[in-house]
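After this come two complexes, each holding subunit A, first together with subunit B and then together with subunit C.
Here is the complex of A and B:
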C-alpha cells in the first residue's frame, strides 16, 4: 500500500513538474515571508531590549518622573533605599549633550558606581592608565568605544560637553569596557553631572533591585500610595511590554500579509491537486475497482498535498532565513517601519518558531488538498471510468432554485457580517475584527464568481458568436468549477493588490496634505533634544535678524500609562485664539472656558486614551497632576503614540521652563539667501540642524515609501501567485478537454482556432476575476484605510483610489492572463489527435 | 585599632588612588591627645577625619551556642570632589560588612557600599549610621538607659539585634587617644563598649529565630595610623567570662615582627590597666591555611601582657573574609575562645597575611 502511495506521488510529481514546483514555491514564499518577518522582528526586539538593558540594567522596578522635564527628589531616593525590602536603589541622571560642537547629541549618564555595580554593571567605567592620578569621583567622563571611534577621541583628551548654554570643560578619563558596539554613550559620576547640568536636588530616575523573596507587585502596591503625583513607580517588566508595543501593530500587519501569501499558496495547492485529481480520475477509478478503498483515495490526495507542503515549507524556512539576513542588511531591523534605529541586528533562529512556521506551511498545503481529496473519495467509479471526472458531487434532493436562494441568502449574511465586523472596536489593541471582515470580503468575492460567471456567460452563450468563441463560452458555462478555481486565484490576489495600493496611496496622499499644514515655514532649525543656545534665540529677537516671523517650540515626554510608550508634550508658541489656524484639526475646535488650561490632542492620543474634545485631561506635569480642557483633536502622522500641544505661555504660567529645541523661521521676502547665511554661523558653532521645508518633506515621504517597501514586495508576490494559479488551472482544464479538442481537430479546427478558443476562455475568466477582484479590492482597501489603520496605528485618512495605478495594473494582469492561457492552449494543441481519440474508448 | 584603617585604605585603593598624595589640598583633621571626648556627640561621625568605623562583634548562645556575628560600618573621606557643588558629591563614602559564623557550618558574609546622601548616611550628633536598611543606631531609653540597635538583611541571612550596655564605655589609651605606632602622630580616637547584652532575632535561610548573647562595640576615627613599614596587624577584643574586658593588638612588619603593640584590661570592678608595647607579646601557636589563596593565618595565638598569658582558639577555622569592593582583599576575622590566665569569648582579626596591605 505504502509503495503504491509513493509510486503515485512520484508519478504525480514527474508528470506535473511545473505545477508541483509552483505550488511548492508558493508555499515556500508564504512560509518564507512569515518566517522572515518573525526573525527580523525578534532580532530587532531582542537587540532593542538588550540595548535598553545594557543602559538600564535589570532592575525589578523603576521610579521616574512622569514628565521628562521632572525629577525624582533625592529625599525620596534615600527613603526608598532605607526600605528593608529594597536590596539596592541605583540613582541615575540621564541627559543629552553635544561633544564640542558636533551636530549629533549623545547620551550622558551620571551614575553612582556603588549602586551601578549591582544594577547596571555594563555601564561601569574603567580608568585609563594614560590619565594619571584620576578617579571616578573626579572631573572626567568615560566614553563607549564606539563614541571614542566616532568622535576620534582618546583617553586624556580634553572635551567640552554642551547642553544649551551650559558648558562642562572636562576630559576623557577612560572608557566603558562592557558597552555594546551600538552604544554611543558618555558616563560620569552622578554628582558631576548633577553639578554641571542638574537637576539640583534630584535625579532622573532610580532603579530598584528588591531583596530576595519580595514580590514586585506587593512592593509596588505598598509604595504606590505614598508617591507624589508627578512620579511613577513601575515594574521593569512593563518596559519590555512597552518595547514590544512599539512595533506590535506594524508587525501584526506584516504577519497578516504573510498569512495571505500562505493562503494563496494553499489556494495554489488546491488548484494543482484538484486538476491532478481530475486528470487521474480514470486511474483512481481503476484502482478503486481493483480494491483501493475511498478512504485510501482520500488519503492519497492528502499525502500528495503534504508531499508538496513539506519540501515547500522547508524551502520556505531557508528562504525566510536568507531573506531576513538580506532585509536587515538593506532596510534594517524595523522592516522599514522606523521604530528601531541602529545597525543591523543579529538574526538568531530558534527551533520552536521555525517548527511553527514549518507546520503552518504544511497545514496550508493540507488545507488546499482537502477539497480535492474529498472529491476524489466520492467519485462514482463507473462513471469516472467511462466519462472521466465529475466536477461536482452528485447533487442532493434540493431543487436548484431553492439552492440558489439559499446561496444568495448565505452571501447576503456574509456581506452583513463583514459590514458588522468593520463596526467593531479593536481587540487587544489590534484590528482583529477588521482582518476578519477582509477575510469575509474575499470569501464573498470567491463565492460571487460562479453566479457572475453563469450570468455573464449565459448571456454570451445566447449571442451569435464564431464557433471557437462559442465553444469557449459553452465550456465555461458548463464546467464552472474549473473556471471558478482559476478566477478565484485572481480575485484574491488582485483584490489584495488593489487594496494595498489603495491603502498606501490614501495614506501617502494624506501624509502629503498633512505635511503642507505642519510645515508652514520655509525654514526649520532644530537641536535634537538639547535646548537651543540663548545666543541664537537672543540674536533672533534683534531687529537685524532677517526674519519676519519666528516660532519656537520644545518637546517633553509624559508617561500616562507605564505600559505604553510616552506621549509627546509639544510646547508651542500659539495662543488659544489662533490654535484653529495653526494645527491640522480633524473636527471642531472648542473654545475653552477662559479660566481653564487648554490643550489640543493628536488623533492617535484621542484613540489610545479614549479622549474627546471638550473632556478634561489630567496631565502629569511639572511634578503634579494638571487638569486641562481638550480643545480639539489634530491630525498627526508623526507620533503614533500620541501627542499633546500646549501653549508656551500656559506652560510657563504653570511653572515650566520653556527651553526651545526647534525653530520655524519665515525669512523676510527676498532675503532667503541672507537668512541662510545668517543661520549658518550658528548652526556650525552649535552643531544645529537646518533644513528647508522642501527637504523635510522629501525626506518624510522617502521614509514613508521605505516603510512600505515590504508591502510592495508582498503585493508583487500575491499577483504572481494569482497568475500562476490561472495558468495551472487553465492548462489543467484544457487537458481535461483533450478529447473534445481532439475531436474538434479531427473535425477540421486548426491549431490557431483552437488556441484562440482557449485564449478567449482565459481572457474571459481573467476578466471576470479581475472585475470581481477590483470590487473586492476597493472594499478591502476601504476596510484597511478606515478600520485597520485607525485601529492599528491610530490615524485616519480619506480613501483615495489610485485609478491611474489600478486600471493599468488590471490591464497588465489581463494580458498576463491571456499569455498564461496561450501557454495552456499550446500544450493542448500539441496533443496527438489520434492517440487521444483512441484512448477515449 | 581595627585594622580597618589599613583595610579601608586598601579597599579604596582603586577608586580613591591619589587621595593620600593630598592633591586638591585636602586637610584632614588630626588626632590630638588633648581632645576630650563627649557623648553622645562623639558616638556620631567625625567627617573631618579621613576614616572612621563603628564595629559590633559578638558571640551568641541562642539560637545556637558559639555563633559569631559582626556588623561593621566604615566611613572614609577620600578627599575627592571636595569642592564640587552637589549634595551627592562623593565626599564621604560608607562601606558595611556583615557576617555570621556558624560553628561546623561555615561563615556567611555580605557587604554594602554607598556614598553619603545617596542611599547611605550618618549623624554627627550620635551613633546613627546606615546604608539602605542596614544600620547601627543608639537610642536613649529614658531614665538614663540606652541601647544600640543593629540590623541588616541579605539573601542568605539577616539579623536585628538590640544591645544593652551593662558597663560604662571603655575609652582606649589615654582617655580615648590611642597610639598606633612609635610616632605620636600615628594615633586614633578609640572608644570601646564591652559586655553588651544582646537580644533580638537572627534569620538564616529565611527562618527567623530568637537570639541572645554578648557583644563588643568599637568606634574609632583617625586620619593617619599606619607607618610605611607595616604590613598588617593582629587584634583581639574579648568579653571575659568574669565580666572583665580585654583589648590587645600588635602591628607587624614584613618579617612578622611587631612594630607596635598595646593591651588594655578592665577587670570586673571597672579598673583598667594599660600595657605598653614592651609588655605585650604575640606568638603564633597554630596556623590555618586558606584553601582559597594559601595564606597562613595564626588562628591560635598566645598573647602575653604583663602577668597574663592567654591563648585563642577559633570556634571555626575558616573565618576568612574576602571583600571585592573595589579590589579583592582577604583577611581573617572571627569568633575565638580565650583560655589561660583569663577566659572569655570575642573576636580576633588577622590582616596582611594574604599579601601585604599596600597603603
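Here is the complex of A and C:
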C-alpha cells in the first residue's frame, strides 16, 4: 500500500514539476522567514542580556535614580550595606567620555575593586607588566581589548578623557581580560572617576547581592517604603523582561509577515492539489474501482501535500539559517529595527524551535491539501469514470435561494465582526484584534469571489459574444470552481500588496511631514550624550558668531516603569507660549495655569502611559516627584517608548543643571558658508557632529526606505504567487476541458480563436480578482495604518492611498494575468486533438 | 459466486426505475453474457454489483464468502472489490503515470499480496496475454488492443472470484476483439472464476456459457 502511495506521489511530482517545485518553494519561504526571524531575535536577545550581564554582573537587585541626571547618595549605599540581608553592595559610577577628541564617546565605569570582584567579575582589570609598580587601580584606566584595538592604544599609553569641559590626563594601565568582544569600555577606580567627573557625594548605581536564603521580592518590599522619591530599587530580572519587551511588537509584526508567506504557500499547495485532484479524477475513480478505499483516496492527496511540505519545510529551515547568518552579518541583530546595537550576535539553532517551524511548514501544506483531499474522497466513482471531475459534492438539502441568503447573512456577520475587532484595544500590548480583523477581511474577499464570478459571468453569458468567447463564459458559469480558486489567489495576493504599499506610503508621508516640523533650523550640532564644551557655547553667545538664533537642548532619561524602557525627557529652550509653534502637536494645546509646571508629551507616551492633555503627570525628576501639567501631545516617530518635553527655564528653576548636548542653529542670512567654517573648528576639536537639516532629512528617509525594503520583496513574491495560482488553475481548467476543446477544434475552431477565448477568460478572472483585491487591500491598509500601527508602535498617521502606485500595479497584474492565461491557452491548443478525442470516452 | 435477489435501482433524479426485482446468479467457473438495448441499464447493473453505485433494494452476494455488497459501507465495498472483483471497461482506463507492470501490480498491492510474489505473477500473466516483456513500458506507447490486454491482466492478477466486464471489446476491430475475448474467457476459466460480460456482439454472446437479456421489463 505504501508502495502504491509512493508510486502515485512520484508520478504526480514528475508530471507536474513546476507547480510542485513552486509550492515547495513558497512553503520553504514562509518557514525560512519565520525561522530566520526567530533565530536572529533569539541570538540578539541572548547577546543583549549577556552584554548586560558582563557590564552589570549578576546582582539580585539594583538601586538607581529614576532620573538619569540623578544619583544614589553614598549615605544610602552605606545604609544598605549595613542591612544584615545584604551580602554585598557594589557602588558604580557610569558616565560617557571621549578619548582625546574622538567623535565617538565611550562608557567609563568607576568601580570599587573589592565589591566589583563579587558582583561584576567580568569587569575586573588586569594590570599590564609594562606599567610600573603600584597596585591595581592605583592610577590610570583599564580598557577593553576591543577599545584598545579600535583606538590603536596599548597599555602604558597616555590618554586624555574628555567630558564637557573636564579633562583627565591619565594612562592606560592595563586591560579587561574578561570583557566581551563588543564591549567598548573603560574601567577605573570609582574614587578617581568621582573626583574627575562626579557626582559628588553619590554614585550612579548600587548593585546588590543578597545574603543566601533572602528572597529578592521580600527584601525589595521591605526597602520600597524607605527610599527617597527619586530612587528606585528593582529586581535585576526586570531588566531581561524589559529587553524582550522592547522589540516585541516589531518581532510580532515580522512574524505575522512570515505567517502570511506561509499562508500563501498553503494557498499554492491548495491550488496545485486541487488541480491535481481534478486532473486525475478518472485515475482515482479507477483506483477506487480496483479497491482503493475512500479514506485512502483522501490520505493519498494529504500525503502528496505532505510530500510537498516536508522537503519545503526542511529547505525552509536551511534557508532560514542561512538568511539569519546573512542578516546578522549585514544588518545586525535588530533586523533594521534599531533596538539592539553592537556586532553580529552568534546564531545558535536549537532542536525544539527548529522542529516547531518544520511542523508549521508541514501543517501549512497539509492545510492546503485538506479541501482537495476531501473533494477527492467524495467523488462519485461511476460518474467520475464516465465524465470526469465533479466540482462540488452531490447537492441536497437547502434550496439554492435559501442557501444564497444564508451565505449573504454569514458574510455580513463576518464584516460586522471585522469592524468590531478594529474597535478593540491592544491585547497584551499587541494588536491581536487588528490582525484578526485583517484575516476576516481576507476571508470576506475570498467569500465574495464565487458570487461575483457568478454574477459577472452570468451577465456575460447573456451578451451576444463571438462563439469561442461565449463557450468560455458558459464554461465558467457551469463549472466555476477553478475560476473561483484563481480569483481568490489574486484577491489575497493583491490585497496584501495594496495594503502593504498603503501602510508604507501613509507612514512615509507622515514621517516626511513630521520631519518638516521637527527640523526647523538649517543646521544641527550634536555631541552624542556628552555635554557640549563651554567654549563653544560661550562663543555662540558672542555677537560675532554668524548665527541669528541658537536653540540648545539636552536629554535625560527617566524611568517611569521598571518593566518598560526609560522615557526621554527633552530639555528644550522653549517658552510655554511658543510651544504650539515648535512641536508637531496632534491636537489642541492647552494653556497651563500660570503657577504650574507644564510639559508636553509625545504620542507614544500618551498611549503607553494612558495619559491625556490637561491631566497632571508625576515625573521622578531631580531626586523628587515633580507634578506637571500636560499641555499637549505631540507627534513623534523617533522615540517609540515615549518622550516628554520640558522648557529649559523650568528645568533650571526646578534645580536641574542644563548641560546642552544638541544645538539647532539658524545662520544669519547670506552667512551660511561662514557659519559652516565657524563651526568646523569646534567640531574638529571636540569631535562633534554637524549636519544640515537637508542631510538629516535625507538620511532619515533613506533609513526609513531601507527598513521597509523587505516589504517590497514580499509584495513581489505575493503577486508572483497569485499570478502563478492563476496560471495553474487556468491550465487545469483547460486540461479538464481538453475533450471539449478538442471537439471544438474538430468542429472547425482554429487555434487562434481558442487561444483568444482562454485569454479572455483569464482576463475576466484576473479583473475580478484585482478589483476585489483592491477593495480588500484598501480595507486592510486602513486597519494596518489606523489599528495595528498605533497599537504596536503607539504612533498614529493619516491614511494615504498611493493611487499612482496601486493603479499601474493593478494594470500590470492584469497584463501579467492575461499573459499567464496565454500560457494556459498554449497548453490547450497544443493538445493533440485526435488523441484526446480517441482516448476519452 | 454472484447471487442477486430482487434488485431495484432508480437514479437520483430520475422518475422511472432503471430496473426492479432482478434476480439471477452466476456460478464459479461460469461465464455469462449480459445483452440488451442501449440505455436499458446494463452498465448500471454492473456498477451496482461492484458497489460503485448504491442499489435501492435487494441483495447482491459476492465472492466466496457471499458478502452482500448492498449492505456494506464504502470502505468495506472497496475492500471487497480489492479482494474479490476484477473489472474491465470499454475504455481501457489504464493509469497513464504508471508503467505496464505497475498498473498490473495495483490490485496485488490493494489485496495485500506479498511483494515477493508480484514480479513472477505479473510476468507470467503478461506472457499469458501475449505481452511478454512489456512490463517496463509506459501506457502511452501501447496500442488500444495492447492496452485492453493490460486491463485484462490487471483484472485477473489478484485471482478475483468474480470478473465484471463492460463491453470489453467495444473499442476494437472485430479480429482483435475476438482474440481479446478468447483470451479473457480462457483466463477466467483457467482461474475458475465467475464472469459477467456486457456485450452488444452476438458472436461474443455465443462464446459464453449462458446469455441473459436485460429489457425494460426485466431479465429474459
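In this text, the second predicted complex is superposed on the first by the 840 of 841 C-alpha atoms of A that agree within 3 Å, B and C clash if a C-alpha of one lies under 4 Å from a C-alpha of the other, contacts with A are read in each partner's own complex, and residues count from 1 in each chain.
Definition applied: a contact is a pair of C-beta atoms (placed from the backbone, for glycine too) under 8 Å apart; a residue touches a chain by one contact, two chains touch by 3 or more.
This is a predicted model, so every value here is computed, not measured.
Look at A:293: by the touch rule set out above, it reaches subunit C but stays clear of subunit B. In the superposed model, A:3 makes contact with subunit C only, not with subunit B.
In the overlay built on the shared chain, the residue A:283 is in contact with subunit C alone; subunit B does not reach it. Once the two complexes are laid over each other on the shared chain, residue contacts for A:515 go to neither subunit B nor subunit C.
In the superposed model, A:190 lies in contact with subunit B only, and not with subunit C. Judged by the touch definition given at the top, the superposed model places A:115 against subunit B, while subunit C stays out of reach. By the document's definition of touching, of the two partners only subunit C reaches A:11; subunit B does not. No residue of subunit A touches both subunit B in one complex and subunit C in the other. Those residues of subunit A whose C-beta lies close enough to touch subunit B in the complex are 74, 77-78, 81-84, 86-89, 91, 112-115, 117, 133-138, 189-192, 194-195, 201, 211-213. On the subunit C side of its complex with subunit A, the touching residues are 12, 47, 50, 52-53, 74-75, 78-83, 85, 87, 89-91, 93, 95-98, 102, 106-107, 109-112, 115, 154, 171. Those residues of subunit A lying in contact with subunit C across their complex are 1, 3-4, 7-8, 11-12, 14-15, 282-283, 286-296, 380-382, 385, 394, 839-841.
In the complex of the two chains, the subunit B residues touching subunit A come out as 15-19, 21, 23, 78, 80-81, 84-90, 93, 112-115, 117-121, 130, 132-133, 151, 153, 155, 206, 325.
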